[in-house]
Amino acid sequence: MRNPFVMDCGEFHVNYKQDMAIWKISRVRMRVFILLAIFAVFPMFASDYIVGLATLCGIAAIGAIGLNILTGFTGQISIGVGAFLGVGGYTSAILTAKLGLSFWIAMPTAGIVTAIVGGLFGLPSLRLKGLYLAIATLAAQVIILFVISRWDALTGGTAGMVLSRPELGSFVFYSERSYYYLMFVVLIITAAFTLNLFRSRVGRAFIAVRDRDVAAEVMGIDLFKYKVLAFIVSSFFVGIAGALLGHYTMVVSPELYSITVSIEYLAIILVGGLGSVFGSIYGAVFITLLPVVLRSGVEMMSGIFPDLSAVLIGMKEVVFGLVIILFLIYEPQGLAKIWKNIKDYFKLWPFSY
Amino acid sequence: MLTINNVEVMYDKVILVLKGMSMVVPKGKIVALLGSNGAGKTTTLKAISGLLKSENGEVTDGFIELYGERIDVSDAETIVKKGIFQCMEGRRVFKHLSVEDNLIAGAHTRKDRKNIKSDIQKVYHYFPKLEMLKHRQAGYLSGGEQQMLAIGRGIMAKPKVLLLDEPSLGLAPLLVKEIFGIIKKINEEEGTTILVVEQNANVALSIADYGYIMENGRIVMDGTVDRLLSNQDVREFYLGMGDKGRKSYKDIKSYKRRKRWL
Amino acid sequence: MGILDIKDATLRFGGVVALDSVSYEVQEGEIFSLIGPNGAGKTSMLNCISGLYKPSSGSIHFKGEDITRYKPHKRASMGIARAFQNIELFPHLSVLDNLMLGRHVRMKTGLLAGGFYWGKAQREEIEHRKKVEQVIDFLEIEDIRNTPVGTLSYGLQKRVETGRALALEPDILLLDEPMAGMNSEEKEDMARYIIDIHEEMNTTIILIEHDMGVVMDLSDHIAVLDFGKLIGYGTPDEIQNNSRVIEAYLGEENAV
Amino acid sequence: GCSGGSEEASGDKKATVKIGGIFDLTGGTGDVGTPYAEGEKAFFESIAGEEINGYKLELIGDDYAYKIPEAQKLYQKLKSKDKVSAILGWGTGDTEALRQQVAADKLPFISASYSENLKNIDESPYNFLAAASYSDQARSVLKWIKDNHTGGTPTVALIYNDTAFGKSPIEDAKNYAKENGIEIVDEQIVDLKTLDATSQLLNMEKKNPDYTIINQTWGATATILKDAKKLGLDTQFIGLNWAAGEGLLPIAGDAAEGFIGVVTHAFPYEDLPGMEEIKKFVESKGEKLEDKNQKFIQGWVSAKIMVEGLKLAEDPTSGEGIRAGLEKISNLDLGGLAAPVTFSPDNHAGTNQIRLAEVKNGQFEVFTDYIGY
Amino acid sequence: MTFFLQMLVTGIVVGSVYALVALGFVLIYKSSDAINFAQGEFLLIGTYVCLTLITAYNIPFIAALLMALMFSAVLGFAIERIVLRPFIGEPVISMIMATIGLSSVLAGIVHIIWGHETRVFPRIFSEQPVKLGEIVIAPVYLWSLLIVVAMLIIFTLFFKYSKLGIAMRATADDQQAAMSMGISVKMIFAVAWAIAAIVSAVGGILLGNINGVNASLSAIGLKVLPVAILGGLDSIPGAIIGGLIIGILESLTGGYLDPLVGGGLKEVMPFVILVFILMFKPYGLFGKKEIERV
């Protein structure tokens, strides 16, 4: 029998399968399951408002994981996520509202269509790099939105389109809670897929392209193929997020997908941690909730100082910016790194040196 | 004059690399620092020149003094102004600048701006190849050409103490000898104190006055060049000489004597 | 006909002639060294072979196939592996992942299989991991297996880089100054690895090195470049006695 | 004691009806959004002491910086956390984005967007328009043109921006013109943030329109007027309500002279019966009415209309009740601050009436009474 | 023909304003390889300060302008000290993100101090359009063209020959190596940000004279990003030629294509052309190529 007073003094893995698992220690695996369980049951106890916010966080996380595949893992900065969300949202809207298809067909199709559009706009990655490529994605943003707002017959132009909530048999995902679970399942699939991807061949190739593309090419990685592939995979998830968001808010309009949305998603992955799946989730929660928290802060303060409300609203922006800056100063590798540091600390504790 | 006393260096607040490193570089001398890969030679130089901080490393114990003044707390640019200049490992030329602009950048801290022109000529005199390439972007030079440029920048800086990290790296044999000749000349003509990290122990010891050997973050042996040259271990592991002179690489046994300091 | 056949390769950058109508053959299973002064065009030659540069004229045949216009990744999958002069590792990845990347062309798992990580994908990962562990053992870098290579010292990075090329199990291995920055003991180790690779796997090796001791001891044939021109070709003995080579590169005393 | 206290507190809560506010204070339309929001807040403050229909009223609102996702989050909060019974909104994009949810959640919604889409009761059963829709504004302008034009068929050009707001009245205006013998000779798109409209104006000049209707905000309108002056264009510019207003004057300078604006709400300097209560309130706060602008009045009036609906509601605590109350409003006299408003179960467009004002000596002078089509 | 010329000239003069703002991006990129997303806010603050000095303190324009530029310089220095210094040696992307945070902070401060209504500059440039034959130009644009040309000359010389200019380029290339040359990276950043703030303020003040000042003026920052990219992110002449090209493209598209498609292409066309040009010149017209030598 194991002596309960003796702690594990290290991790021993006797076969490669164990060593290559995502969460290598059973204790950690336990913890992940517990966390999952908590997130699965929490809507039972939370108010609609909170569940609604959680749903928005989750949808943002799906999109952010998508963006992270492109920007964090493959090193291609994109300022066009907003528009790709739009492609997802509109595809699903057109398929469900105009063609009367079911959501369950429309959502994956939205992913695929967005993947194709993303792949097309990824073609310049053949020649462009870094910030220059980023501008090509900005061009995607502008061009896609132009097409959406001009193709009145298909998209309803600037007025946008109305969507309905998904149905499963006779059940309609109308309540905040039901939609949360829908999002939750998609998020888990997205996260699991991405985690797996990056411990296998294709994902590693993405990272190699990011780190040193010349070396990657000489190791036999077809740069063009993988760069475009990254656009495709990334856009797929962004498209799925777009569809989910569209059916959640039940409306799509060009104004929903502006450049500010693109920048917000960049902020999510940077604050969360580039190249980290969990970071994308932390970041999405953080950036989605920060304005909400600040708003309640302002509300509280303006109860106390009613005359200062104009100042407080300015303060909200100041604090938002400051939090981002402080984050980056304190931990440029993002929330994911902070979480890791905390874990490392406890792993070594009390012998932290 | 340059004293390193019992220095400990840590990266990322956890990785302890220098574990009580001490050495002295006397004024106007050439000191060679030898040691195997990962021993901490580069780290030592970075600790002296203040470049550790930009790599998330810090001196956690001990001190470094130049003429009795502590420098381990200053930042890199102040240390350069005090007269210590490091030629970094891996060349680190400014890729997008022309060869000549690289040299001018090397002279950044110098006050006597009017002599810069003539010093550039001096560098071209040492390395005629560079003059041919002077308008070329440095990033396109070959490895060896970049190495010449990196050393040229060191000459341009006219420091009191020059730290060289593997100056012979990637240079053709003829040039290696030339470079060490130049190092010796700088030392003699300008009175520059030189600390050179080098894998090519043969040439390094041929110009040095004193040598240190480090392993695993600390000094394991030091002495005058003659003393080191006569040490059997040094001869075998650093100079590649067996009992009977140089042996062929073809004949190396799979099992051979490994060095164990300490 | 050799495994690699270079014919009249010329490479220009604007006014610079990096290679000037160079021709030679490399025989299957030999250790072939390229030497020459700095800036002679050695690295450029390797770049032409691995496809990073396209010669302005001339041709390159590999195993009888004209690969002059092939892209680098295509050449890698044909069995050409390369280690670089200035380290080109993936700095944020661990040693292990760097080596696994070396096996990219030998693996098959695609996007979907990888994402779902089902049976076959998992089995493939494990199987190739075993291969990589062999390389790790071979190069004696077990203890840094999980360290991000960016934080390793210069010499260790050089070793990992050689390992990554080896992991590809290439037919021809291009090594650009693999021993730069090593002391003589480490050079001996490296030389031993090179000989072992060569003997055990019968890999053809093209070696660039400035340490004449190594070059003369290991090579079957040597080619000498100067200002982009081939100024000498032959066995080590022949090269050591070639007066042009001595003048341009070796210097009197290196010529034993 | 203790339990009694808490009962009282909850009893107190019951006696308050909450109205949500979605404001733009810091976003792209913050320059007009801020005074509008102030007007709404001011109105609620002015009735803070009163009991309306047995309840105290409270306005809970916040800035959404003209970002639709933020509006959505704010709406969720107002609905689920603050449990508001009705909402005062702002922009076209967000109002349209929310209209389905508003309908599902049964929350009456009055916004500052006068988009024609919102008039469709089947699609937007809970949206109310407190002033003439953009389409109605355009129709009224066209009717005015027809009535006042001398000599031949009047020719008209349209300038707008490529957003839901900008394009909202265009189709309707074209249809109305066709039916009424007015020729629309040109359309130009000018970006909201443009620095220069020379190319559009030169193209327009080729068609030589008698009148040019602008649906923009102040900045773009000013650019258009200034460039037109620079190029020496000869056409009468008429701006819909967001193009007109005090803010235009300093930016456009001399170029604004002769510009005609659609005025849905009164200017503070007008001498009107309805202005009294505003003046009283503003001065009670130690401020001056002259410092307020037309958007302030507009906000005030919107809030007032909402509260009027509450007064008429049988159940002022529920959204459905308030909607029924609003639908009872008939010919509500706003003391000249705006056209009288009427809602009914099959009509949520309160009015189609507007006034026109011309810029003379650096001030808007109203020169028509409330007119419609 | 007159129509074409009018379009062309309009394009050139509007483009010169773009060029001026784009110059701010280039200056920062040249010293730190980063893009400053707070450029628009810089511009806004400089403009507001100048405006406030004129309207609230009745300081004559030229004096107010100089004081505002000085203030901008101080602001640039302060921002380096407070916000950017910790990012020395960190990945460029963190610094870029920090500028996104910075833009929010500055926007908040602007909102607190100046609120949100549109303010207007007292007439500084004559309203009377300048006529070249049939073509008319507003004087404010002529000024911006003039200033842009002056900046082009000054900065080109500065980066080519001055010690500081070379040190700036060196820093952008390799921060650590620059430090090892004794170049004070902090100082370089501070100077670069100060200059960028000054240039932006000049741009803002010109813009303020065109359309008044309110918080949405800062949007010009993002709008001008393609200009900087087209010219090549680190090229001074690039910014200027890029500005002119985009200005002309916009104007001509507006003049000739918009009537065909019903408008709106004017804003999109520059992007389409930009991507097209980038496919042939991946580093913009004059940008430095990434050097890949192995």
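Which chain is which? They are A, B, C, D and E, in the order written, and residues in each are numbered from 1.
One rule holds in what follows: contacts are C-beta pairs under 8 Å (C-beta built on N, C-alpha and C of every residue); 3 or more make two chains touch, one makes a residue touch a chain.
Computed from a predicted structure; not experimentally measured.
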Partner chains that subunit D and subunit E have in common: A
Contact-graph distance - origin subunit A, target subunit E: 1
Intersection of contact partners for subunit B and subunit D: E
Selected interface, C-E versus B-E, where C-beta contact pairs are more numerous: B-E
Centroid-based (C-alpha) most distant chain relative to subunit A: B
Greatest separation from subunit E - chain, by CA centre: C
Cα-centroid distance, subunit A relative to subunit D, in whole angstrom: 37
Centroid distance [mean C-alpha coordinates] between subunit C and subunit A, Å: 41
Subunit C and subunit D: spacing of chain centres that average the CA atoms, whole Å: 73
Mean-CA-position distance for subunit B and subunit A (Å): 47
Subunit C, residues touching no fewer than two other chains: 43, 52, 84-86, 88
Subunit E residues counted as touching two or more neighbouring chains: 107, 111, 115, 264, 267, 293-294
Residues of subunit D touching at least two other chains: 25-26, 162
Chain-to-chain touches, reported pairwise for every pair that qualifies: A-C, A-D, A-E, B-C, B-E, C-E, D-E
Sites on subunit E touched by subunit C in the complex: 293-294
Subunit A residues touching subunit E - in the complex, by the definition given at the top: 77, 124, 127-132, 135-136, 138-139, 142-143, 146, 149-150, 214-215, 259, 263, 266-267, 270-271, 274, 310-311, 313-325, 328-329, 332
Of subunit A, residues touching subunit C in the complex: 16-17, 20, 193-194, 196-197, 199-205, 207-208, 211-212, 214-223, 229, 233, 275
Contact set on subunit E toward subunit A in their complex: 35, 37, 83, 86-87, 90-91, 93-94, 97-98, 100-112, 115, 222, 225-226, 229, 233, 261, 264-265, 267-268, 271-272, 274-275, 278-279, 282-284, 287, 290, 292, 294
Touching residues (chain side subunit C, partner subunit E) in the complex: 43, 47, 52, 84-86, 88
